[in-house]
Every structure is written in C-alpha cells, then in structure tokens.
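A, B and C are the chain letters, set down in written order, and residue numbers restart from 1 in every chain.
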Amino acid sequence: MAEPGSIPMDKLWGEEPVADRGESEPALVIDVGGFEGPLDLLLHLARSQKVDLARISVLALVEQYLEFIESARRVRLELAADYLVMAAWLAYLKSRLLIPQQKNSEEPSGEEMAATLAFRLKRLEAMREAASRLTGRSRLGVDVFSRGAPEHIPEKAGMAFEASLYDLLSAYAAMRQKQAVTQVTIARRDVWSLADAREILLRLFGSDIGWTSLDRYLNRYLTAPEDRVTALASAFAASLELVREGKLEIRQAEAYGDILMRSGSGRPIGERQEGNDGNA
Amino acid sequence: METLEAVERDNAPRAFSEEAMRTAEALVFASASPVSENWLADRLPRGTDVALLMKALQADYARRGVNLMRVEDHWAFRTAPDLSFHIRKDDQEPKKLSRAALEVLAIIAYHQPVTRAEIEDIRGVQTSRGTLDVLMEAGWVRFRGRRRSPGRPVTLGTTRDFLDHFGLEEIRDLPGLEELKGAGLLSGRIPPGFSIPRPPMDEEMAEDEDPITQLDLEELGLLAPTGGDADA
Amino acid sequence: METLEAVERDNAPRAFSEEAMRTAEALVFASASPVSENWLADRLPRGTDVALLMKALQADYARRGVNLMRVEDHWAFRTAPDLSFHIRKDDQEPKKLSRAALEVLAIIAYHQPVTRAEIEDIRGVQTSRGTLDVLMEAGWVRFRGRRRSPGRPVTLGTTRDFLDHFGLEEIRDLPGLEELKGAGLLSGRIPPGFSIPRPPMDEEMAEDEDPITQLDLEELGLLAPTGGDADA
C-alpha cells in the first residue's frame, strides 16, 4: 500500500521548492508554493520517490497529490482550477486502479490511465531538460557575437520597408483595444460562469477519462461546499452545450441518479446522422 | 607586405599565440567601433606583442574581401575598398514602418475589403494620404474594388507580397481573437461584443463589391491618367 | 569538414572565381544578420554555385576567431564559440527568460508546429499571457499557420532568429531531437515501448494482457501533424 504523507506538506510549501523556481513571472502564474501547475507538482512528488519515472508507483503518487490538495483545502488556500481538475482526474484514476476492470468496458483501464500520466510526466521532464540544454548552448549576444559595425548593402529596389508580423499584430491589438473604450467593470464572481464551467469540463474530459460522475469527482474537488449549487448548475448547463457540440456525452441511468459524463466524438450532433458509431 | 606574410607563416616562436590571434580577431570583429591596441592588450594574454599580432592579422586578410584597417592606432574590419561597387554606405536603410502605417495595414488585413472611411472609423482618427501611399509603395496594399453603396467607395485589401513578407500562407492564417488574447497581445479585459473579423479567402470578392477597373482608378484620381499628371 | 577543406585547397577549377568569393565574403561580412543564398546569388556573377562557394568560405574560416555560420539557407559571420570567455560583454547581458518562458520556448521548438492547447497539455498548466508575448517580442517565436483541424487553431513555431541565437543550423540540429523522437516523447501518443507503471495492488487486479490501446489523443489535439512516427 502506498504511504500517504511520506512528503511533509509543510516542506512542500516551504522554502525548498521555491528556491529553485528561478525568475518570477508576472501575474497569472498559478503558484502553489512555487509550483507551476499540477504536472509540475506531480513531477516533484514523483522525483521524491527517487526512481525512474517509468517505474513510479502511480497509486502512491495519486495519494500524495490528493493529500496535498486536501491539506491545501484545510488551510483554505485558494487553489487554481488546474490543480482541482487534476485532483478530480487522479481521484478517478485511483478508483480505476483499485476496482477491477470490467470486461468489454469501453473505458480505458486504470493501467492505461496510469500510463498516460507517466507519459505526460516523462514528456514534461524531457522538455525541461531540452530547455536547459538549449540555454547551455553558445548564445548569440552572450557567448558569440555578430559584426559590431555592420555596413549597409543597398537593396536593388528603391525603398524598402521593414515590419514583422509581431509588429503588425501588436499594433492592431493595441489600437483595437484602445478604441474599444468601455466603462464596463466586471464584478468578481463567486459563482461559476458558464464559460468557466465549460473550460473546466473541457479540461477534465479532454483527457478522455471515461464515464465519470459529475457529482462524485467534479464537486468533490472543484468546489467549496457553499458553491456546489451554482457549480452544479453551471456545469450542467455548460455540459448540455458541449453535448450539442459533440464534445461530451451524458447519461443518467435513472431519475435523480448520478449524472455520468465522458468525452464525445467531437462531431456536433447535427452532423452525426449518418454512420452512428454506436455511441450510447 | 611580403615581410608581414613571412611573419605569419614562420613557425619560429612568435610574440603571440594562435589563441591570442583568434581572440584579437574576434574582438575587433564584434566591436562597434575601431579598437585601440591598448584596449586589445588588456584583453589578450600578458606580454602579447599587440602591434606585431595585428600586422600579422592584417596580412592574413590583405587579399580577402574583408580587410583589417588601421586608423591611427585603432583597428577595424572593413569590406575591401575595391568591392565598394557592391557595398555602399550612403544608401537608405530599410525603413521601419510607422505606427500609423502598421495600424492601417493591420486594419486592411483583418477588415478587408475595407474603405478609407471605415479605416478611419475603426482608428478614430483621419488617415493621412501619405500613410496609404507608403503601404502601396511597399507593395502590401492594393485597390480591390468598389463597394456597391452610395459614392461607390474604393475598397482596399492586401497583396500576395504582404503575405510573403509577413510569412503567411493565406490571409486566413492571421490569428483571431482567442489567439491574440492567448499570446498576450490583447489584455484580458475585453468588452462584450468585441470581435475581430475573419478576413475572406484571398481574391474572393465580397457580395457588395465590384472589381475595380483601370478606368475607376483614373477617374478617382488614384492613378495618374496615362499621359496627364493630375495631382489629386 | 575535411571534405570542405579539401574543396577549398584544391586548385582544380572551381565553380566560382576569386572575385566571386571575395564579394560573397564582403557581403556576408558587412551584415550583422544572416543573408540568404538567393540574395547573394543576385549579387554574384551569374552561374555562381553559391552553396559550394559558401562552404569553401566556411572552411577558410573554420579555425579563425571569426567563423562563417549557416542558419537554414542564410549565412553570417560570428565570433568563434570557444572564445566566449575572452570577449564576453558583461555589461549587456540579454534579458533573462523566466523558467516558464524557457519551457514554452523548448516545447515550441521541439514540437513545432504546435498549438497553444498542445503546449498547455504538455505543461499541464495554462500559459500566462505575458509568456508568448515575450517570446514573440524577442523574435524567437512566430505564428506559423493554422492546423487543419476543427476550429483551425493557429500553430506556433520558431524563427530563423531563434536558430541564429542558439547557434543552430536548422531545427534538425536541436540537441537531443532524435532521441526524444525515438523515445516517442515528441508525439501525443504513448510510444509502444513505454512501460506501464505497476500499481502495488497489481496482483489483485484483473489480468490484462492487452497492449496499450491507442488512446484517442487526437481528441486532445495532441497529435503532432509531423506524425512521421504515428505508425506506432
């Protein structure tokens, strides 16, 4: 069995991870004790198991992550949605790992999901290494230099103009934004907007996790108790829209039963008349 | 000259190492202005005979397309004087497009086919005649057609050269609202109803647009009539 | 490199004159940024084999303090990387990129053309607004085009300036690119050899001999279009 709590939580939030987090990034960085998102946190937890990424104990990792989230909630730390989406996904993964796979189930097995997770961690780590190898190269303007006193070579054509696509787009965006004068200030919501709910559902089901109960996973991890009604309402409304677009499928076995969702075929409902591929 | 080359070729002990020579070469190359021998001496191994080293280097480059020149006791690389036919200093550098021109160009790109009045409406300021001229001269903007509306205003659009210059395969590759937002070019605060138009496929005429004719251009004073010189 | 030097040393008839070589040398030397072979061809005697000429020139400079570097089909003189220590200018250290920006840059470089959604999937976190903006402003990242998939998301890629900055001739030269590709880490799919982590409760679970099914990662937009290795 995994040993939850093998990582002292205090330490995770403490100076240690923060120390190697490099330069700061303005504003939107989702920062839980210096982690840059749930995968980063998971990677850190996995590394502390001190084994090859391909041989980590996923279950132990899941336990550690969920415990981390629980602790964060206990101290009422506001967690970004990304972390909670991951928590919901991991909680589902855990249940798949513990419950035997049903025969001819359409859903991915726990092992497949675990492999997906390990793959994503490995891939992120590979990109980290790639980044450091890049910066380790001899860089222009740092280690290698260009001609200090360039001489100009005339173009054949008379006048030439210079501008990059970036110049063009930033000029356009800034000008349009400036012109769109508006005094509208949007009050901060403490309810989920439809757009929020849609975004969160897409993130959660984008990773194809099979039939998932909206109540069990979404609510448990994504919301504080007092927000559950609004979250459920918005998520449900957004889910109907997503079903129409073919991005989500919904089923409910009986009245008042669990509402189950999974990722859809990707084809909008209207376009699906021919070749129904047997989706429930 | 021969003695210099002899100095260079000798394997006799020199007053400088190959390392020193390569470093001096790189230092002179990377410097924005001619560098003095003292400045070089500070950056080369102690005891390097800088004057001798520079002469050896000068000999190396004597017959190349690039020469090492001494100006008083300063050194600089210059393209060989006999090649000045190919390289002149006096020509105009490529000009940076002005902010106004960038804005107008971007509006034409996104909103095409678009009339001058519409451009002014979007920008909220009048567009000076020169701005459009610059864009036309650069070959990025063209007259597309005429709008079927009162006054039949001329519509503007972008050219093939525009796409080439900005590395776009087609005009529809221009990023949309979400992408501009995602790239941080538009800030998060965007008023409801704010939208960025999706340009039509290239060459496609809008429904309310007629192709432009040579006659139109002359009539509008946009093109000098062949022969006369109407200054519109 | 040896063959290049052989080309250079041969006194066998070449596909270019000394005049052509000196001119090319001067033209590239004059410019701080890389110049294209086409641009050079326009300024060299007709029929000059520019690629061959540039290789010969590159060999000439291989051991000097200044080297001729290729960036795609462009050429530029740069100080030799091993002299970094001597000519480093400590006053103008370029702006340091944040860890996030570096990570995004690496992902764009290795996975290009890549959409924003794919970057976010790899990093598992939303990209904050400033990040892409910084990379585009530095001139290292650009909008490339659009993916032929629902919603036609804009794809991102690196620029020639990126290659130039990191001393790469082309994207193929990215460090470790082949190994990463071989390990399946540059595609959205889990490579077939990728071992499945065994949860501790494994024995109690249903026997599962099925190979990893191809999870439908296309839904995630994870499939690189270059999918040369999609035959997994």
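Just so it is clear, a residue touches a chain if its C-beta (ideal position, glycine included) is under 8 Å from a C-beta of that chain, and two chains touch if they have at least 3 such contacts.
Here the structure is a predicted model, which means the values were calculated and not measured.
Engineer: Of the chains shown, whose Cα mean is nearest the mean of all protein Cα atoms?
Structural biologist: Of all chains shown, the one whose C-alpha centroid lies nearest the global centroid is C.
Engineer: Compute the centre of every chain as the mean of its C-alpha atoms, then state which one is farthest from the centre of chain A.
Structural biologist: Ranked by distance of C-alpha centres from chain A, the top chain is B.
Engineer: A-C versus A-B: which interface comes out with more C-beta contact pairs?
Structural biologist: A-C
Engineer: For chain B and chain C, what's the span in angstrom between their mean Cα positions?
Structural biologist: One centre to the other, that is 23 Å.
Engineer: Provide the C-alpha centroid distance between chain A and chain C, rounded to the nearest whole angstrom.
Structural biologist: 27
Engineer: Quick one: report the Å distance separating chain A from chain B, using the average Cα coordinate of each chain.
Structural biologist: Taking the mean C-alpha position of each chain, the two centres sit 39 Å apart.
Engineer: Which residue numbers or ranges of chain C touch two or more of the other chains?
Structural biologist: Each of 27, 29-30, 43, 77, 79-80, 87, 128-131, 136, 142-143 in chain C touches at least two other chains.
Engineer: Would you pick out the residues of chain A that each touch at least 2 other chains?
Structural biologist: 145-148, 151-153, 164-165, 169-170
Engineer: Contact residues on chain B for chain A in the complex?
Structural biologist: Per the stated touch rule, the residues are 26, 29-33, 76-79, 86-89, 91-97, 99, 102-103, 105-107, 109-110, 122-124, 134, 137-138, 165-168, 174-175, 180, 183, 185-187, 189-192, 194, 196.
Engineer: Which residues, counting only chain A, touch chain C once they are in their complex?
Structural biologist: That would be residues 1-2, 21-30, 36-40, 42, 54-60, 82, 86, 97-98, 100-101, 108-112, 114-116, 118-120, 122-124, 126-131, 133-135, 137-148, 150-153, 156, 164-166, 169-170, 206-208, 263, 266 of chain A.
Engineer: Within the complex, which stretch of chain A touches chain B?
Structural biologist: 145-149, 151-155, 159-165, 167-177, 179-180, 182, 184, 186
Engineer: Looking at the complex, which residues from chain C come into contact with chain B?
Structural biologist: Of all residues in chain C, those touching chain B are 21-27, 29-30, 43, 63-66, 77, 79-80, 83, 86-87, 116, 127-134, 136, 142-146, 152-154.
Engineer: Going by the contact rule at the top, pick out the chain B residues touching chain C in the complex.
Structural biologist: 21-27, 29-30, 43, 64-66, 77, 79-80, 83, 86-87, 167-169, 172-173, 175-176, 179, 181-185, 187-188
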